[in-house]
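Two complexes follow with chain A in common, the first pairing it with chain B and the second with chain C.
Our next item is the complex of A and B:
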């Protein structure tokens, strides 16, 4: 058990190293000049001397390999560096923004998992019937709809036309933090979370449907039918556990896509989470923050996959590869 | 594509809102005037509110106060300062400050804080350039001497824009917990969402009429949505979204020096390369006759009406409407005949009859670059190409990224946008010593007379003298100047109007001419805003 854990951690460390080197190489070779991005429209007012001060403040005058090693050295000592665009320590920025994003991503993740699985089971059990056709058609439509487009549609229908949902942000306008209640937060969370879940729901539906169809045609279900099992009981006792594996693997494996989707969803709804911070950091060539976010999401995705593997093994003992060694 | 969709969706949903009978802008419609003001004008300062890093360089720094201020006519007035003078060599600025100003933590603001602020800003790698400062010294409690490395008449703009920070409370977390002597105090900042400020009742100046002001940092679409649903009192929107009215709000059009113009490569094409290895020079635009012909042929009024939907004005130079603008530098436009005549007499003729003139084997054609994501500049570039075709000059409008434009800008014409209350910009765009530095003087424009006027303006110790030289650099009446009437280094096209939807009950006074940058500059008069119903 301990050696397995050590192996996993070793692999994670290698993965992190590879991600860090690759991201850094991509960023320093990007044509975007961080000083030009920072200066922006003030380009006429700032002279070469002032630019030199900016370069000095950010330590950009060292050669790239040296900058990387400095960053790595600091990282080993637990210092993730200082974000250029937000003018504060990278860990603080990620911590703050992730807390905001966590609620959004968790809600979207649960929604897409539960809704997707339930719909997939219904579609699989009612294979070929009207319910199946409607659900499958709906899933294909969602699978081909881009996040930002769904987000904009929802924004204009529910926020502008119907005035049911707020147009922006994670908190109400003009209200002191102490007076913001959980209901306010949920009110601001609903549309972005629905947008984000809508896109993740389609694969879960389609894969679950396929698994349910296969299970319904299997010998053990035929045997159960022969013994008189019918309807909901049959589905709950004989099908759900067998059909859950793909949905679980997909859900835990899709954390990366969830994060990618949140970048777009947060942009549309002015929701100030990690996704929006990533956009800002990328546009400003904020290398320390981008590296921090890249490492953070790597850990997140890796952990998601590892948990997915374990849960899968519990649900379906055949998938526990440790038994086969 | 995304943008196009959101625009049309905005229009559709706007129609839906009107059809549903919703009335926005409910604030102030009934009952006593609210004490809270909500603005959606963008411009969040992501790195916080530290003036030594550039906070407050547009509009009001809100939390801090400045030594000097500009009135609506851009004249200089005292704020913290009671008097200021410049030594005859232009190297020492002596400023007397008022003694009744206090920081919000109760400590008095002294000359030492002023000296500390300027010294810190001069050394910090932020967005305010105080590198001309050699040292700042507090002579006594209420007098400070700012000693410069070289005379700089435009240093007055640092006195206008740099908010004074308290020496005792200025540290790494100052940007998020600003302490100042300005009209407002920071109450709460939800990063990426909103900034809530409260009135500073201990402020020494005229107090704002609002107890709280909320700045909402929404994108264009969310801003429009917020305005339509009556959630904000002032909304800064691009003029492309200002076409349809918002119920309960009035459209306020503010003139600006936020201009767009064509920068011509001025040097001939001799195969020269810049220090960074980018080509310099253009065989067509280096001819004064071509540049003057372009200036004469363009119909700027049509550009304003067609591309800006009327939200703007024709531009004659980089500083239209500012005190140092020289009207004589302008030329009459929309005159294709004069353009043809200029080109003919310079030897540009269409011998092969293909519609484009030639001279000595060189076709009268050039590429006009614009930033690819900017639909406004794209519209201008295409319209310019259409206007120049009939006079026999072929223009290819091409959208590129800024990274590519930076490599091509010494050899191809570029559609730039500028506009500042600081004439340093005019200096940087036209002085030959700055050719090829950053985005300044990208065309390698060079005129000894213009350089002399720009240098004299910069070195002047008397503001009126400086203004006279700034004017002469545009046109000196003896055939010199970078303006269209002489060297025509640029063809300035339009000045934008900044459009704001303002609650019908809110009086924002007469906003002055705004610089490049739409949104935050309108706050410079916020202390004078009033509810009128």
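Our next item is the complex of A and C:
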């Protein structure tokens, strides 16, 4: 057990190193000029001497491997660096933004998981009937719809035309933080969360449907029916657990897509979470912040997959080899 | 004495859609006849695809919605419509499978046996399940196991515990012996014989003529969805059965020299 855990952690360390090197290589080759991005509109007024000062202070002229090693050395001592765009320590920014995103991502994740599984079961049990056709058609439509487009559509219908939802942000504009209630937050959360859940719902529906169809055609369901089991009892006792295993594995494995989707969804809704911070960091050449976010999401996705493995093994004991690999 | 199960000219066909909306009808069964009395073991023998399992599904009211049925199925002299068959399934009529695929792979065995007891309408399902396993030599540690952890013999005992839970008077044993070693085949067939001797009607659905000849009181031979012959094991001694297809099946047995059908 302990050696297995050590093996997992070793793999995570290797993965983190690879992600850090790749992200850093992409950043130093980016065409965005960090000084211009930092200074913004006043870049024209910036004299060459001042520019040279900033470059020197940030160490931008050092060779890339040296910059990377400096960053790595600080990281090992627990210093993730200082975000240029937010002018705060990277860990603070990530912690802050992640808490804002957590509500959004958790709600979207639960919504897509529960809704997707329920619809998948209904479609699978009613295979070939009207309900199945409607649900499958809907899932294919969602699977082919880009997140940002769905977000814009919902924004247009519910925020602009119907005026039911706010058009942006995580909290009402111009209201002191102390006066923002949980209902206000939920109100601002609803549309982005629905948009984000749309990304994940279609695969869950389609995979669950397939698992249910296969289970309904299996020998053990035939035996249960021969014993007089049918209807809801049959589905609850003999089908749901069989279909839950692939759905859970898929849902835990999709944390990466969830994060990728949140980058787009938060952009559309101006929701100040981790996804939006990623965009800001990339456009502002904020190398420490972007590397920090990359490492953080790597841990998140890795943990999601590891949990998915374990949960899958609990639901379907055939997958449990009593080994952590 | 009326037969417990009487199947009279049973026909089953399926409506299917192929290529767009063109409908076609596939005839699966056309004229199956079978009777089984209490205390009798009747073997339904035929090659794969002859419609043997479909007959069992028809008796249990398990045909899919696109199936159309002709003929009649009577239980204890009473004609059965589909709802009546479903009401009997799991109570008076039991399917007795033998393969591990008939157990739910992700649910512990004990819970599945308990569900059988619930479906059988027993007052104390949990106690009944424990007792049914115990009488077959399976303790509480087996109840906590999952099907993939059981040996073949344990699987068959668990399935028997589930199938016999409601003390059925008619048992349909579907393909009980393929792929089993010789002594396991004998044990399964002996169990079925005992089940019949206890006063139940047993229909043994099989494509293995030799096993059926050892234990059955009567053999019903089917081919291509219809029954073609009915014979007693005694008819297979000496020169062999008289019906050409039954004869061909019999001559194809290893002991009879793997003979090919005469009309082939």
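Observations
Note that in this section the second predicted complex is superposed on the first by the 318 of 325 C-alpha atoms of A that agree within 3 Å, B and C clash if a C-alpha of one lies under 4 Å from a C-alpha of the other, contacts with A are read in each partner's own complex, and residues count from 1 in each chain.
As a convention for this text, contacts are C-beta pairs under 8 Å (C-beta built on N, C-alpha and C of every residue); 3 or more make two chains touch, one makes a residue touch a chain.
As the structure is a computational prediction, the values presented were derived from the model and not from experiment.
After superposition on chain A, the partners chain B and chain C are seen to fit next to each other with no clash. With both structures placed on the common chain, the touch criterion links A:127 to neither chain B nor chain C.
Of the two partner chains, chain B is the only one that A:48 touches; chain C does not reach it. When the two structures are aligned on the shared chain, A:242 is found in touch with chain C, with no touch to chain B. When the shared chain is aligned, chain B comes close enough to touch A:173, but chain C does not. Contact with chain B, but none with chain C, is seen for A:31 once the two complexes are overlaid on the shared chain. Contact with chain B, but none with chain C, is seen for A:148 once the two complexes are overlaid on the shared chain. When both complexes are overlaid on chain A, the residue A:227 reaches chain C alone and has no touch with chain B. Once the two complexes are overlaid on the shared chain, A:58 sits against chain B while remaining clear of chain C.
Chain A is touched at more residues by one of its partners, and among chain B and chain C that partner is B. Superposition on the common chain A brings chain B within a closest Cα-Cα distance of 38 Å of chain C.
Interface residues of chain A facing chain C in the complex, by the touch rule stated above, are 218-220, 222-230, 237-238, 241-242, 245, 315-318. The residues of chain C lying in touch with chain A in their complex are 57, 60, 62, 86-87, 89-91, 94-95, 97, 99, 101-107, 115-116, 119-120, 146, 148, 159, 162-163. The touching residues of chain A, counted against chain B in their complex, run 31-33, 36, 38-39, 41-51, 53-58, 85-88, 96, 148-149, 152-153, 155-156, 159-161, 163, 167-171, 173-174, 176-177, 267, 269-270, 272, 276-277, 280. Partner chain A is touched in their complex by these residues of chain B: 2, 5-6, 9-10, 12-13, 16-17, 20, 22, 36, 38, 46-48, 53-54, 57, 123-129, 131, 175-176, 187-188, 190-194, 196, 212, 214, 216-219, 221-222, 225-226, 228-229, 231-232, 401-403, 418, 420, 422, 424-425, 428-429, 437-440, 516-517.
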